[in-house]
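In order of appearance the chains are A, B, C and D, and numbering begins at 1 in each one.
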Amino acid sequence: MAAFPEIGKIPYEGPQSKNPLAFRHYNADEKVEGKTMRDHLRFSVVYWHTFRGTGSDPFGPGTAVRPWESGSDTVENAQNRARVAFEFIEKLGAPFYAFHDRDVAPEGKTLAESHKNLDAIVKVFKEEQQRTGIKLLWGTANLFSNPRFMHGAATSPNAEVFAYAAGQVKKALEVTHELGGVGYTFWGGREGYQCIWNTDMKRELDHLAKFLHMAVDYAKQIGFKGQFYIEPKPKEPTKHQYDSDAAACLNFLREYGLKDHLKLNLETNHATLAGHTMQHELQVAGAAGALGSIDANTGDMLLGWDTDQFPTDIYLTTQCMYEVLKYGGFTTGGVNFDAKVRRESFEPIDLFYAHIGGMDAFAQGLKIAAAMRADGKLAGIVKERYASWDSGLGAEIEGGKHSLASLEKLMLEKGEAASNRSGRQEMIENLINTYL
Amino acid sequence: MAAFPEIGKIPYEGPQSKNPLAFRHYNADEKVEGKTMRDHLRFSVVYWHTFRGTGSDPFGPGTAVRPWESGSDTVENAQNRARVAFEFIEKLGAPFYAFHDRDVAPEGKTLAESHKNLDAIVKVFKEEQQRTGIKLLWGTANLFSNPRFMHGAATSPNAEVFAYAAGQVKKALEVTHELGGVGYTFWGGREGYQCIWNTDMKRELDHLAKFLHMAVDYAKQIGFKGQFYIEPKPKEPTKHQYDSDAAACLNFLREYGLKDHLKLNLETNHATLAGHTMQHELQVAGAAGALGSIDANTGDMLLGWDTDQFPTDIYLTTQCMYEVLKYGGFTTGGVNFDAKVRRESFEPIDLFYAHIGGMDAFAQGLKIAAAMRADGKLAGIVKERYASWDSGLGAEIEGGKHSLASLEKLMLEKGEAASNRSGRQEMIENLINTYL
Amino acid sequence: MAAFPEIGKIPYEGPQSKNPLAFRHYNADEKVEGKTMRDHLRFSVVYWHTFRGTGSDPFGPGTAVRPWESGSDTVENAQNRARVAFEFIEKLGAPFYAFHDRDVAPEGKTLAESHKNLDAIVKVFKEEQQRTGIKLLWGTANLFSNPRFMHGAATSPNAEVFAYAAGQVKKALEVTHELGGVGYTFWGGREGYQCIWNTDMKRELDHLAKFLHMAVDYAKQIGFKGQFYIEPKPKEPTKHQYDSDAAACLNFLREYGLKDHLKLNLETNHATLAGHTMQHELQVAGAAGALGSIDANTGDMLLGWDTDQFPTDIYLTTQCMYEVLKYGGFTTGGVNFDAKVRRESFEPIDLFYAHIGGMDAFAQGLKIAAAMRADGKLAGIVKERYASWDSGLGAEIEGGKHSLASLEKLMLEKGEAASNRSGRQEMIENLINTYL
Amino acid sequence: MAAFPEIGKIPYEGPQSKNPLAFRHYNADEKVEGKTMRDHLRFSVVYWHTFRGTGSDPFGPGTAVRPWESGSDTVENAQNRARVAFEFIEKLGAPFYAFHDRDVAPEGKTLAESHKNLDAIVKVFKEEQQRTGIKLLWGTANLFSNPRFMHGAATSPNAEVFAYAAGQVKKALEVTHELGGVGYTFWGGREGYQCIWNTDMKRELDHLAKFLHMAVDYAKQIGFKGQFYIEPKPKEPTKHQYDSDAAACLNFLREYGLKDHLKLNLETNHATLAGHTMQHELQVAGAAGALGSIDANTGDMLLGWDTDQFPTDIYLTTQCMYEVLKYGGFTTGGVNFDAKVRRESFEPIDLFYAHIGGMDAFAQGLKIAAAMRADGKLAGIVKERYASWDSGLGAEIEGGKHSLASLEKLMLEKGEAASNRSGRQEMIENLINTYL
């Protein structure tokens, strides 16, 4: 029995369509820069928000109406929900999904029971993947909800919590592997601190690094070749998360010899909470060869918490796709909607509206970015701006032919540097508007 | 002729004093943990704010009344100002000062003329250092005020600007060396971007790294053994500075092989603009072996720009000194007041009030931090909190004896981790209040 | 059977005490400015955080260990909890408490059943108030948790929700009256908007005003003479609350003829989320004759949500009590701890630590504020600063004797205004430190 | 001799144009909702940023290249600059401009001399207005730059500063009147505080109100019928401005009997610094009948100061124009570009790029807003959402036919309110994208 009987496969109807249940821009088979939109965007639906989100917030319980839920936290209900999820993803036309272990199956009274519950769902996932062709973008373990993780998981002052988390990640890696997952993500959860006074930051970071090395080792052991990601976030739930932004993650990965093993999974709302634009974070990751995947959402710039809203701003989606294209496009990663419908959008159909809007905004962003690249005006401005480094003095400096002394000598002779050129920020902002 | 004839050497009068021109806590020769306050705190006065600050802001020109200023930007006026500065620092009783090249001497029409002007002031500095025993904590070059640096210095798209900056740093290093400077600081200036669309971030960072390597090489060449520092700041003047926080700096230093050559000079207001507490930044730097020096000030947590106010909050100064003591105290660094009097505090005597307040707040913070360390209650709480890592399972994990598989096995047997203990944040916050 | 058998009445032991379960500053019978600390501070414990808080957050369920809870949402459990609450408040020595209707009694399936459940608890409250002498600072109705209030209560686009809320407030007013409550508070709940595009702000505000007028009318009808309060908060749970800060509340009260009927209940964390210091909000309210009561807590200035932490910063508590004393002290209001223990402080004893710390911090703030007032230095500085308005030209202007024309004439003659005087901010900040 | 010889009148070339010196959307004579774009948008160029901005910032002096400037602060230079300004505005095709007294003419040594200097420029303005048909949107007095205003103008603790400011405003009103100005604006300048401890907020606000009443009286006396505006801003240059946001201004205006005399001049960057969207502020003003004019710019949501950037985001301009149209369009007000080119955009031509981009973005916003209104979908959603208030119970409540008691009775009978409807935020956000 269908959970969304009134909804068929969401069609592409083109930019003029006024149908709120159709795509205006996302045309999966349409080619952009020689590749289909499907392969460029690699859209992914997240299990946690979309199938486990209730609309609860710190001021009230859930509001979501989800007729397929039995209301009991059983394996049966979880299996049924899994079928509903695949119905949704299939009708939407997203090629991927992502999940945490505890989102998909009930936590048992023991680790063994939790493993068993998870297996029961993975069985359904496999069947549904087979049936629909939908794939797993990445799996992960929820190491933050259960009270045992109140002080962190790998960074807990309680060594047995580290051990428990290790057991949980081992299983999550196994099922991700079993499901053919293309990646595996570590998001910080409660790896950080609430109270700096009671915290041994260095020791906690040592433990976190050890934990990640164990995961890397185990993946090799079982032959899991998916990409590992680390997802930066500056705060929430802890007062300060260790993986606060792209630079903090890279610093940590470099310090502990992990940089070759993990790329970054960047989220817009996390970027802005950390004081950066998403475009900045994408460039930091890209420049370090660590741009892995993106958690596509948006925050409210006037709110100080992670609102995880669906992205509809085409400036934002253009920026994202421009950077993704610049760094060669996604390989293992994709556009994963780590986003949730508002508490007031409590009907099942709102899940469709929300994802359609996000997918369309990203498809439009992709087309705009490709247009910007096609005429090359912006790239030309940048190239011209750095022209002094392409030959002569600049090239000599880049080539290692200068020292403070040789450059001082040069400038003592010249007296003053060559004139600067206008940065043309306003003209560039206008130029971008011409592609919209 | 004295600039501050009505002010003598600022005396220590003890906590009961009501004299606004006396110290209540800073007693230079008093020993704390076996070392004098003077040697613990290593107070430093900054030339730029204290002797070049006018009180101008984006909405109006300067207000400061500085009777010793002739009003003309001549070497003579600059030399006279230098004498006034030493009179001030001596009366205040601070053992150090810090400066930028362009703060102390007028910029000439050519680099050569600027060099010459600088030499004329350095001559006075040497005499005054000799006369008073005051030392140079660190020197630096102003690579951001002159319009030539509008797009950055080492990261300018204009290669000749890089060259000019190199010449300027060479000279600044030489005079810092000549004055026996204990350190040399790089603060980002305009090394960052206003408009990410016109910026090649990777190429700019490559240039910045090359620039710092040149400085390291030149220091070695001239025998300058002072410590190099890099000072994080997230924004202002640019929309985004590359050296945005401690982690971003460390990531950069690691990436470009500079970590052994530079430590961090941390500033409170920069920390909070980046979304971190100063205590956080101190721990990040300390854990990385990169805690160099501090720019002591405070921001206004409700304002979004660098207000550089004098620090008077003893919670803040306690946090600073607790971390400094924890990481072994300053070696080359010190407590450098990168702070300015408010625009409305326009009289010379306000400079005294401001510095006295800052020094007293840090001296009180030092005494409180030492008391906290003396009874060891807080350290005991932390030690106890991580006790599970000191033996048994925790010690085995730290010792590399475990894998995901061995830990899973353990937890499958146990079923659940040992209970957690309360974080006791409220009790700890109360405890800290008992030391005030 | 006692819920806290190991805890007796919290004693006052004086500033030297190291006992974490004793007061160091709060000495209820000690007189300050001729009035006991008890009567100055009028401490109040909130039922919602302290007895209904579980430590859940958006990333995980509750952690709190509360042995007295049966785990079922029954009237019996609620009655038992009420007895525990009074045991706690009595041992703590707070003279007041505050509650929402739905915190204290289970919500029924109908409004009638909810009323009945509430009555069952009010009965226990009356007995316990009688037994202990503890009083009700204010009551209120929870008009935000139940999903029916998802779009607001008085501002809901659903008229029946307005009606339901009216019924709930009627009952809450009655029980507050029955319990001898000194006040009744309206906090915005979800009165605001998530999405400005779907919102008719003007119509919603008209409804809110009507709602408050109905409450004022009904209070008069039943003879409830307690003070009504409105509590500003800028955001959370909605994207934008209508009662965003003191000024917004006053503007609303003035516009709708409600200013004589409601005062403000100010909360520190709400003030800072709105971009103001608590001291600012206290002055805005005080100057408008609307300073009613305070919700004593603190936020984390680097986090963007309402953390509702216990206040321990004595600068903050000094500012609060200085303003409260300046405006004549509390009449109906008090220091109400709208604060919660951290999720990681999950043991019952943490509730004691937290409240003791908050009470001590406020008691210390009261003593410091009184000392500042006793020597009058600060007030003297302010008086002197405005001296030009006390006679001559200033007095003439205040007395209405001038116009633009007469003042222009004066200044055309004088040419320039008299010199300004330094604002002395740094000296004042140092001065405040001398009282700590 | 033309200052911009290479630039002619900026033409409208339509959406397909790639000419950066042409409009793609602003077609002055094109009608939208029956009125020309010219009359809808009433674009205004600000004298201060555009002709007096140098690009200086707290970290360096100006960068702007302005060949027409003689470099001396003379009346002659000011007169020449005025001619340049009108050449620019005319070529741009903006029908209005706005100025501060001290922007346009040099401040003299006495008030009398300043008056005389101003008159010399006003003479040129009159000639140029005549010649070009350009009009004055509003005038104002700069009461914040001169050090005499360091502690405020009308709120200065120095009564003579109040008097001086009064003289200055009198003159500014006279010249605004003489130039046929359609309005006169009060922006707070330094009316606020840096240090709350040394401030008597109530007394300062009393003075501010008196000052505004004097201005209102004088306007009546001289027959000036232009609209007065007050412009909210929360901070900068002071730590806290009194006119912090729309609600704070309205509260002040109501308290002091000024609401009939002043409307609001809203600025986007000020709105966001205060924690509100511009759309929110427009609605607050509109609902209070106080929506006067807008200072069109944008801030950087990740920077905490007033960046005053040119607005190019069409979501923003759509929101602005949707609200302006909703409240009946501008009467006296307009779209005034209180915006400045970036320090790095230092060439004269950047002034054209910047204004063209802003005008086009607003013209596009106007067309989008009109399209949204034309099909009425959004308005229909809102109307439907509040339908329960249009008849039956809702209409009875609005009509004053209910009390808490009557509503309780109703709900005791019904037991529960009627179901809510989804807020449809995501669908609405998608809908808006269809108009872009």
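Quick note on the criterion: a residue touches a chain if its C-beta (ideal position, glycine included) is under 8 Å from a C-beta of that chain, and two chains touch if they have at least 3 such contacts.
Since the structure is predicted, the reported quantities are computational estimates derived from the model, not experimental observations.
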Point to revise | Chains in simultaneous contact with chain A and chain C | key: B, D
Revision key, fill the gap. Contact tally winner between B-D and B-C is B-C
Point to revise | Euclidean distance of C-alpha centroids - chain C vs chain D, Å | key: 36
Practice item. Indicate the whole-number Å distance between the mean C-alpha point of chain B and the mean C-alpha point of chain C. Key: 39
Review point. Counting only residues that touch at least 2 other chains, which ones in chain D make the list?
Key: 147, 150-151, 194-195, 235, 275-277, 302, 342, 344, 346, 420, 423-425, 429, 432
Exercise for review: Give every residue of chain C touching chain B within the complex, in rising order.
Suggested key: 18, 20, 24, 272, 275-277, 301-302, 310, 312-315, 341-342, 344-347, 349-350, 353-354, 356-357, 360-361, 364, 420, 422-427, 429-434, 436
Review point. What part of chain C is in contact with chain D in the complex they form?
Key: 109-112, 115, 147-148, 150-151, 156-164, 166-167, 169-171, 173, 194-203, 205-207, 210, 214-215, 217-218, 234-235, 240, 244-245, 247-248, 250-252, 254-255, 274-277, 279-280, 283-284, 287-288, 378, 381-382, 385-386, 388-389, 392-394, 397-398, 400, 402-405, 407-412, 414-418, 420-421, 423-425, 428-429, 432
Check your understanding: Considering the complex alone, what residue numbers of chain B touch chain D?
Key -> 55-63, 144-147, 149-151, 189-190, 194-195, 235-237, 239, 273, 300, 302-305, 342-344, 346
